Amino acid sequence: MKQIVAVLTVLAAIVIVWYAACIPMNIKGVLTEQERAGAEVQPPSAKDRRDMDEIGLALNNAFAIPATWEQERPRLPAPHQVAIEMWETTVQKKITSKRSLIYHGWVTLSATMLGFVIGTGLGILLAVGIVHSRVMDLSVMPWAIVSQTIPIIALAPMIIVVLYSVGVQGIIPKAIISAYLSFFPVVVGMVKGLRSPDAMQLDLLRTYNASRSQGFWKLRLPASMPYLFTSLKIGVAASLVGAIVGELPTGAVAGLGARLLAGSYYGQTVQIWSALFAAAILAACLVGLLGLIERTVLKRMGMAQ
Amino acid sequence: MIPILGAIAVWLLGWWLNSRLASGPYSDTRMVRFLAPLIFGLTVIGIWELVVRGLEVPLVILPAPSVIWVRFWDSLPTLWADFVQTIIKGALSGYLIGCGSAFLMAIAVDRWDFLRLGLLPVGNFVAALPIVGTAPILVMWFGFDWHSKAAVVVVMVFFPMLVNTVAGLREATAMQRDLMETYAATYWQSFLKLRLPAAMPFIFNGLKISTTLALIGAIVAEFFGSPTLGMGFRISTSVGQLSLDMVWAEIVVAALAGTAFYGLVAMIEKAVTFWHPSQRG
Amino acid sequence: MNTENTTQPVIEARQLDLTFQTNDGPIHALKDVNLSVGKGEFVSFIGPSGCGKTTFLRCIAALETPTGGSLTVNGMTPDEARRNRAYGYVFQAAGLYPWRTIAKNIKLPLEIMGYSSAEQDERVKKVLELVDLEGFEGKFPWQLSGGMQQRASIARALAFDADILLMDEPFGALDEIVRDHLNEQLLALWARTEKTIGFVTHSIPEAVYLSTKIVVMSPRPGRITDVIDSPLPKERPLDIRDTPEFIEVAHRVREGLRAGHGDDV
Amino acid sequence: DEVTLQLKWVTQAQFAGYYVAKDKGFYEEEGLDVTILPGGPDIAPTQVIAGGGADVTVEWMPAALAAREKGLPLVNIAQPFKSSGMMLTCWKDAGIAAPEDLKNRTLGVWFFGNEFPFMSWMSQLGISTDGKSDSGVEVLKQGFNVDPLLQRQADCISTMTYNEYWQVIDAGVTPEELVTFKYEDQGVATLEDGLYVLEENLSDAAFADKMERFVRASMKGWKYAEENPDEAAEIVLENDATGAQTEEHQKRMMGEIAKLTAGSNGALDPADFNRTVETLLAGGSDPVITKQPDGAWTHQITDAALN
Amino acid sequence: MNTENTTQPVIEARQLDLTFQTNDGPIHALKDVNLSVGKGEFVSFIGPSGCGKTTFLRCIAALETPTGGSLTVNGMTPDEARRNRAYGYVFQAAGLYPWRTIAKNIKLPLEIMGYSSAEQDERVKKVLELVDLEGFEGKFPWQLSGGMQQRASIARALAFDADILLMDEPFGALDEIVRDHLNEQLLALWARTEKTIGFVTHSIPEAVYLSTKIVVMSPRPGRITDVIDSPLPKERPLDIRDTPEFIEVAHRVREGLRAGHGDDV
């Protein structure tokens, strides 16, 4: 309850700041429009206004302030503009329509899910290898860190082209980029998790003369569950970013990334912002869903108190 | 065919060497901890070279490491200029501003519970905004030079740093806090003497995550507009010109810079949090 | 009987009540607790796990707020007393800060209370001697054994001049020999400084050996079932534990405990 | 037979001919099953074809010639676009009237292989591109929209007659406020939107035959699009998966595109090729190509396809 | 004296040595340890912290490899004995797996050793009765008090038929009353099953009360300073602790400990 009040307060504060920020951000564009429409603007020429202070401009031309919240292509769209756009492109469009955000969200989501499954699968396998083989631990782990310093996003177009060349197209290239991004947090989290049993718990199994696989299934795997879920949550958000990145270079085909690109290409700031928010909401939903699964699983395992 | 067999041989050799090292008597020494990944890296590079040569992969798809190496040495001045533009100006300044302001914000969040309850969920939401969407907006707002890149980096590192620092500041155990209570310590006394030191492992965790984010952010932001300089600019332009060797040379720079940056932060961490069990092990 | 009536009470609880609200419903941790402790007394609290010993100590130190009844310390509320820095508290685990050396850990309260640097050094030296830890000032907590850590945490509580020393099972983790030794030292310190001490323990001999007053508690809800004023003299060599008076008091404590335990074994 | 075509950019009227040919069944008539892959901001069509991801690609000639020098033997087999649509669009009130006025300004330029015509032009003008000075300009790598001009971050930006220019106009700017320099008018135009394939494939008779049919059907599509611009624009819209394109913009674009394709029957005019090569060879200190290209185009396909 | 010579030794250590290599140099944890334990004996290990009690127990269970001397268990090496599942080990902390219910925790060794499902259920039922935990099968560890957890971990070690039960301070965290009760039960169990038991404790009365043989150890380097064969009968009511024999043995243990402690108090 207290949390809801707090969140709403913070949101309200953000919205107010946002509206206020629209004024200096958009005032120059608005004044240019007003000038073209014949209004009297101080100073009258766009060239003079170019290097002027925005807040001063807004004060000098107070009549133009309301228009900063209504521009068609603002530098910073007002919150209600984004909200209306999202409403129109989700609820008011058929979800099969190419103009529906839900359709595009679904396209992105399917690549995200595929990539997430591949990424986590590989991540867990690698983590198991690292935990069980000292050779892998010594030689692979440092490179996993180095691999994260490579700007994969910059490589996305090349990856896609290379995959084209072996005949892989469509959802797979996106999924691979998304898998690459989700892979690392899962490896790190799972290595930590699989190593989380303490010496005593391991010794206990030794006194039973348990085999390695028994040790894995009965001790390491269950013990790693909380870590797994934490890293899955990070991983799924990364996956989504990966899928969106993968959509950019393949051209404005479909998906939230394509929406972002098209919005950017045609200067449709409102569309960019609504695609951005759609992506963030999608991420929040995925993380929330994982949180829900986490809670039920851990509860059934008796690990949530 | 022969290069492919060679590649398999290189793989087996690398694996054999590392197995020997790992199970040998010195497997816990620093030397091995350094050597094993090196051997692994060299193995991968060897295989790469042989496969590219063996299958005659075109240069415009994947250049061989030797070609990249030559390009790297030939283009040092360009690479250096790009490095300064992207890493020093864009990534580093954004990193400092972002981590610094996140730290200050974390103190405020820690101080007022209301902020923690309200801001953190919103913060997590904002952190989920994909960089490829925010970068063009920030380029539009902050111009083409490194300022917009720094802004992208600030946005990227702010929330991971905030979340980690806030978690860290709550890390002190109830008993440690109670002790401060019995001394009737003021807020700032208990902050400086208890919560801040206890938070250090978490703060460094955030700082480490942020290093790679900063690098990636600065490079990717250049895709959306830049002066004719910078690693992201060079990568995308070189792809267009099919100079894949240059692309990979820049990637080498990014990996080197990222590893060095990460390593530096990890070293400072070791010095500051020497007392933490994870550093003593 | 010897001290309670002669001096004004330092700690006075009347019908003290404390209920924790938890997700599984309320837990009645303390119920109708009445206790009066005079200046310079050594009070031990003993009772089965979960009977509210720690909770009561925390109430005295203003770390917990009672939900009913009254509690005064030196005639003030516990919170005022806390602000006057009346308490030295030793927690069950040593709770040293791992990033500070032993000496710096002991200096912690002194820094907070604004002692001069010279005074800090002097006091650290004094209390380290008191707990036999000379030469370990520069070590970090994790370089010391559990027993040494516990002693350092006692030194930390002694470093400043708190009237009231509250100790929650300080010797729980130590072996018998070390424990005996520290018991002797604690008694000597108490005799010298006239501090009022509240002491939680699970060991009957320890409680009887140390205390002027033994408070036996029982759980669900936590309450005091017996308060035993010790007839033992203030001067207590270790072998006092073989005297009939000692064995008798120990027996009474054991009976009280057993009664409180009931079915819960 | 299957043919994969890689476009240079996203689905829009710039590629109307191919979409029309597909939609109207012209490819089918030739017995072809054509897959059209849209491009995007960071996709290099030359790289796609090098990797075998496409049989034929739409590319600009400077990029294709540059790739050829890099060892990727691309050959122009058809040239549906006669003229160049590229231009530089500037604010008039910034005081720019002639190319000489560009000195000491900030210009937005596309990179990713599209910077070659601009670089050649600047070197012909004797203007350096290392930064603002009395004899130089500051070059920005502009993104794929017209914001830098609208936000006045740049004095001039690159635009296409059929696309970005109209976005500026759509943003409320009147043509009178702008000054444009068409590369065509400046004599530095280079050939755009040609069809390119890998040289080694051409010696394969089956492939050559496939390309003949492809070019024939494509040109039929182009001519149909020229004659029915509105219908062509709608076909493009139907093929746009993002749902971001507007009908108005695509119809107008189709109109402009028709002007560029008008003079071509699909066969490359060697004179245009030579002019392009000259322009590129003149390209200053860091020229796009260093030597006269050899065998970079052929009439083999168009001769067979169009006669 | 009573059992050692009549049966073949189950555990036999000769000049056992163990040195840990650490960053701060080697630590000599065990030096020249000689011990022979017969079948069905109850051996307690007592000594100050760090004297190597745990280390010795771990050597027996093949969790640590000695660096010198010889050690046989049932005539085999400890590792062979481990593979024959000769050991039930109770660690100092309960160490239950938090994601398993009490019943499932007790089943863990049974699953690993491949008992049938019916047999598992039956054994769980039996050992839960033995430690007075009927009705708690479905609970998770954190829903139980510390004492109950410790009992569950003892049940886990009893569930399969290990010859040798090794217990490392199993009752360290419990209060005296609960401890007494568990001591009685452990003795009863031992009398019934004829297991050989190795038991580490810090409490002198506990060691004397339980054992047929008390091993006193001293640190730096860890070695055995005294082995006391108990003259007490096998049948031991709780009040045997007030008999002169008991007090005498306790005294001898205390003296041995004090000697070993030396300066290290």
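Order of writing sets the chain letters: A, B, C, D and E. Residues in each chain are counted from 1.
Heads up, the rule we're going with is that contacts are C-beta pairs under 8 Å (C-beta built on N, C-alpha and C of every residue); 3 or more make two chains touch, one makes a residue touch a chain.
None of the values given here were measured: they were computed from a predicted structure.
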{"item": "For subunit D and subunit E, chains touching each", "value": "A"}
{"item": "Pair of chains joined by more contacts [C-beta pairs], B-D or A-E", "value": "B-D"}
{"item": "Length of the line joining the C-alpha centres of subunit A and subunit D, rounded to whole Å", "value": "34"}
{"item": "Length of the line joining the C-alpha centres of subunit B and subunit C, rounded to whole Å", "value": "50"}
{"item": "Distance between chain centroids, defined by C-alpha means - subunit C, subunit D (Å)", "value": "86"}
{"item": "Overlap residues in subunit D, where contacts from two or more other chains coincide", "value": "41-42, 44, 47, 50-51, 143, 147, 151"}
{"item": "Interface hub residues of subunit A, defined as touching at least two other chains", "value": "75, 157-158, 161-162, 165, 248, 264"}
{"item": "For subunit B, residues that touch 2 or more chains besides their own", "value": "61, 136, 140, 223-224, 236, 239"}
{"item": "Contact pairs between chains, per stated definition", "value": "A-B, A-D, A-E, B-C, B-D, C-E"}
{"item": "In the complex, subunit C residues that touch subunit E", "value": "48-50, 132, 145-147, 174-178, 181, 202-204, 254, 257-258, 261, 265"}
{"item": "Subunit A - residues contacting subunit B, complex", "value": "2-3, 5-11, 14, 25, 75-76, 134-135, 137-143, 145-146, 148-155, 157-158, 161-162, 165, 237, 240-241, 244-245, 248, 257, 260, 264, 269, 272-273, 275-277, 279-280, 283-284, 287"}
{"item": "Complex interface listing, subunit B residues touching subunit D", "value": "58-61, 136, 139-140, 143-144, 222-228, 233, 236-237, 239-243"}
{"item": "Parts of subunit D lying in touch with subunit B, wherever the complex brings them together", "value": "41-42, 44, 46-47, 50-51, 63, 66-67, 70-72, 111-115, 129, 138-143, 147-148, 151, 153"}
{"item": "Contact set on subunit B toward subunit C in their complex", "value": "173, 175-176, 178-185, 189, 193-194, 197-198, 200, 273, 275-277, 280"}
